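Okay, so chain A shows up in both of these, paired with chain B first and chain C after.
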Partner chain A sequence: MDLARIVATFARIGILNELQYRANFFFQLLESAIGLATALIGLSLVFRHTTALAGWTPAELLVVMGIYGVMSGIVQALIQPNMLRLAQDVLEGKLDYALTKPVDAQLLISIREWQVWRFTNAVVGLFVIGWALLWMQASVRLDQLITFGIALLCGVIALYSFWLILATTSFWVIQIESLINLFEGLFAAGRWPVSIYPSWLRVLLTFLVPVAFAVTVPAEALTNRLTGPTLALAAGVALGLFVIARLFFRWGLSRYSGASA
Partner chain B sequence: MSPNIPAIIVRDLVKTYEVPERDPGLLAAIRSLFRRRVRAIHAVSGVSFTIQPGEVVGFLGPNGAGKTTTLKMLTGLLHPTSGEALVFGYVPARREPDFLRRITLVMGNRNQLQWDLPALDSFELIRAIYRLPPAEFRATRDELIELLDVGDLVRKPVRNLSLGERMKMEIIGALLHRPQALFLDEPTLGLDVTMQRRIRAFVAEYNRRTGATVLLTSHYMADVEALCRRVIVIHHGRVLFDGPLSELVEQFAAYRKLIVTLAESGADLNAFGEVLAQDGLRYTLRVPKAMAPAVTARLLAEAPVADLMVEEPPIDDVIEQVFAVSNPL
Partner chain C sequence: MLQLFDFYRAAMKQAILVQFQYRAANYFYMIGMIAEPIIYLAVWSVVAATQGGAVAGYDAGAFAAYYIVWTLVRNMNIVFTPYGWEQRIRSGELSGVLLRPLHPLHYDIAFFAGWKVVVIVLWLPIAAVLAWLFQPTLAPTWLEIAVFAVAIWGAFLIRMMFLWLLGLISFWTTRVAAIYELFFAFELFLSGRIAPLALFPDWVQTLADWLPFRWTFGFPIEALIGQLSLAGLLGGLAMQAFWIGLGLGLVTLVWRSALRRYTAVGG
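Our next item is the complex of A and B:
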């Protein structure tokens, strides 16, 4: 398929680019290790005082933490770099070349940057999930694995759409750094299941920043908590956000071509 | 495409930008937070022209004349405020893939190649984007590499190339899909004279081989003189002149230069026109264009003329004059 070919070629170029900065790999590994250690220490401190947090056992919380790692790895490797580049290109009027290509503009601006070393977080996250499942001695059924996959995909789509909306505002707003910092702060809350937070924050983390759908819902799939309606809601939110993001991006583009010099 | 169907049709094209405006100073800045004042900038105000397939047309004008804005409207980057643009029958602003596949845009001040990688890798990316069949892609790539004589450079990281070498790579990248219309915005910007000449020769050769239509903007008159039989002069968003380069000179050059060599000294040529230079018996006179034939006749009759030549002023001077005359300020 042509689409897959384009994505694969961009990925290859991205990897070629990153291979030149091998030191980044070791820095990233160190960063992932420190991140994991801090998270584990936090977890152990919490469970020194209690055996369950809002109904989640230590092993289950480890699953949440692993999924958080997977998600932040994907965001940092692919979503964030591309969206930052979009914002920068809009600011500097450098979107021209991307717009003269016979490929969907949204696709093109979403796959140009591949910071592959950042996937380290995702790989570490997968190991953490595996470790947690062993600890729980849980036997994961195939259907659970499939719903987990679907939930994960919905989560990625929701996060991507959210980022695209954020980056698209750069067609109107000049500096979006503060917005990005805000996002990162809120996303960090995803290390824990959203059910532990007060309800106002939970609403915020569910519908404003889709952390709940990106991390908690996939974790629910692996820990026998996920209900059909929740999964349907996650899929609906992912689809809805994607449509909104696409329309918003197109509107931004038409503004770019309508106004910029 | 038959030669009587134009490649590019532009009719009454208008582009007006709204630019926020405020007075200098903190107070004005705060005031503008609440009430934004916008000023309309008429970048292009009613431009019309038609370009036939295979033509190489030079687009001339001072900075801010509306050249780049027009080019951007023709490549689908900007929507016209009003008027019409058609390229091969497509409305550029719709950015249909079939249209984009047939055009290319080269901007002298922008680059699209991967900075840290050899150009060959970027070419692969372009192949995927345009879905070029491998055999066709390789043939085009190798032909362009040979034409620009860069065989040993395509394997070096782009960041290690000189500005001119990089421009050659950008041009190859822009032509891999064999576009039928080339929009070149200052392609020789910042390059040294030799490199400018190479790029120019290449564009001419490419046009000869493929019959592609070329619309080129440049500050360097040499580019235009070498490549374009036809020029469109644009100023303050309007077309001032559209026709052969020679006619531009004819129409706008107000003066002629007479180079007179006398057989003997002693004659005072100041009576015939303004003496710009004297070198022994060789004089350079400047006379108003309308008077040139009469002055020439008088010189031949009244002075001991050994040799006489009539010269047109250099194209740069003419262009400068065009803009000076039409400037309302």
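Our next item is the complex of A and C:
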């Protein structure tokens, strides 16, 4: 119960902080609009030349794009800012302030930043998904919605764990710019279903970088492609990555000696 | 003129030495950049395969060649970012630059040109690995290689000056992020970065001919992978020369009025 209260308190403070900068909302909206337009033009360019991409119709690919938007909104609002702050704190020796608090260190470093305007991308993504479902005239069943929710949750956990592993490397090397560059480059692969990639790359995007589970699996849930074993595998990978990330973070922490005088 | 030549030689040499020290950071950055063309390549390879092997004259091998050469051209395209101007103005860094005897454009061009030499050297092993993975069809003639070697530097100069112009907007307003985002979105499509321009509708290709973007990106790539006739090769170089001239004129003009708006505080 205490944990929930701590998260809620940090969320409230973070949101209040961001609400001061209301103009940022409009810039974020503009940015999301440009991003959406870019994605749609790219999609229409592909479908000028073909009617289906590796078995996915235009409407189904729109679902993938929408989920990519939802995921990147969550990552940009919550995961990435916290992980960058972790790397920055290690660099500046400020992590001590977090470590001396009587709460689990990993929890605390994961909830300090709330860039709420960045959720705009997630909202736009939800609209895109809705639009795609209308276009397909799909009637989504309740059990589909539930598996979609589970798949989405697994995806968020997997992406969080992957980012935590990246950010934990800061205990050894500081490469903040490269971290962002690397994550965004790899995550962009999620704009398309992983089945379009060559097999060696598909393995990489499934197990090493969890793009497949973060975007493709939820999309499969909504387009009647998801099988039980795949969902189980997604849950297993999310859990496994989470455990690995936690152990790695603790190991990194044990090497951290602070930088204060 | 000779003095300017000496300056460029010294400044480029310095940039080369500095950037070779940061070869690990440079490598990290270049490798992070490779994801983007590989994604495009994967998409278009699948499209080509479902359309009987080729779309708009590109088969899998030609797409592979396009996007591997892409990685070098993209690196040549990196110049002083327009977002950097706000920092230059706010921090007062600009005041120091203004005291130097040459136009500040020279310092940026020389620094980035030196850096490019390092980038080209570091790029060669990356290109070898990509070629092994994706099997491009690439058999350029000597003329195509020569045009490419000139065109990547032309591309560098054009993009340098147009991003400089974009950055100079910071002298008038600091709300620039939206303008830049829009510029980069147009560039993504009209330059040939997201896909070869041959895949676009005719009107887009005509539009792209009359804008600077394609001459900084698609043209050098097409020149090397053998998509252009002799007239296309030479005409492209002429277009590059035209845009370099126009860019220079515009920079000179805008820089003069930008400076009139600049006041420095403090000593």
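In this section, the second predicted complex is superposed on the first by the 255 of 261 C-alpha atoms of A that agree within 3 Å, B and C clash if a C-alpha of one lies under 4 Å from a C-alpha of the other, contacts with A are read in each partner's own complex, and residues count from 1 in each chain.
In the analysis below, a contact is a pair of C-beta atoms (placed from the backbone, for glycine too) under 8 Å apart; a residue touches a chain by one contact, two chains touch by 3 or more.
Keep in mind it's a predicted model, so treat the numbers as computed, not measured.
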item	value
Superposition on chain A - do chain B and chain C clash or fit	fit
First (chain B), second (chain C), both or neither touched by A:R48	second
First, second, both or neither for A:L134, with chain B first and chain C second	neither
First, second, both or neither for A:L40, with chain B first and chain C second	neither
Chain B versus chain C as contact partner of A:T9, first or second or both or neither	first
First (chain B), second (chain C), both or neither touched by A:V103	first
Which of chain B and chain C A:L201 touches, first, second, both or neither	second
Chain B versus chain C - smallest C-alpha distance in the overlay, whole Å	8
Chain A - residues contacting chain B, complex	2, 5-6, 8-10, 12-13, 16-17, 20, 94, 96-97, 99-103, 105, 108, 254, 257-261
List of chain A residues in touch with chain C within their complex	27, 30-31, 34, 37-38, 41-42, 45-46, 48-50, 52-54, 175, 177-178, 181-182, 184-186, 188-189, 191-192, 196-198, 201
Complex interface listing, chain B residues touching chain A	17-18, 43, 69, 72, 75-79, 93, 95, 97-98, 100-101, 103-105, 107, 110, 112, 114, 116-117, 121-122, 124-125, 127-131
Chain A contact footprint on chain C (complex, rising order)	25, 28-29, 31-36, 38-39, 42-43, 46-47, 50-51, 55-56, 177-178, 181-182, 185, 188-189, 194-195, 199-201
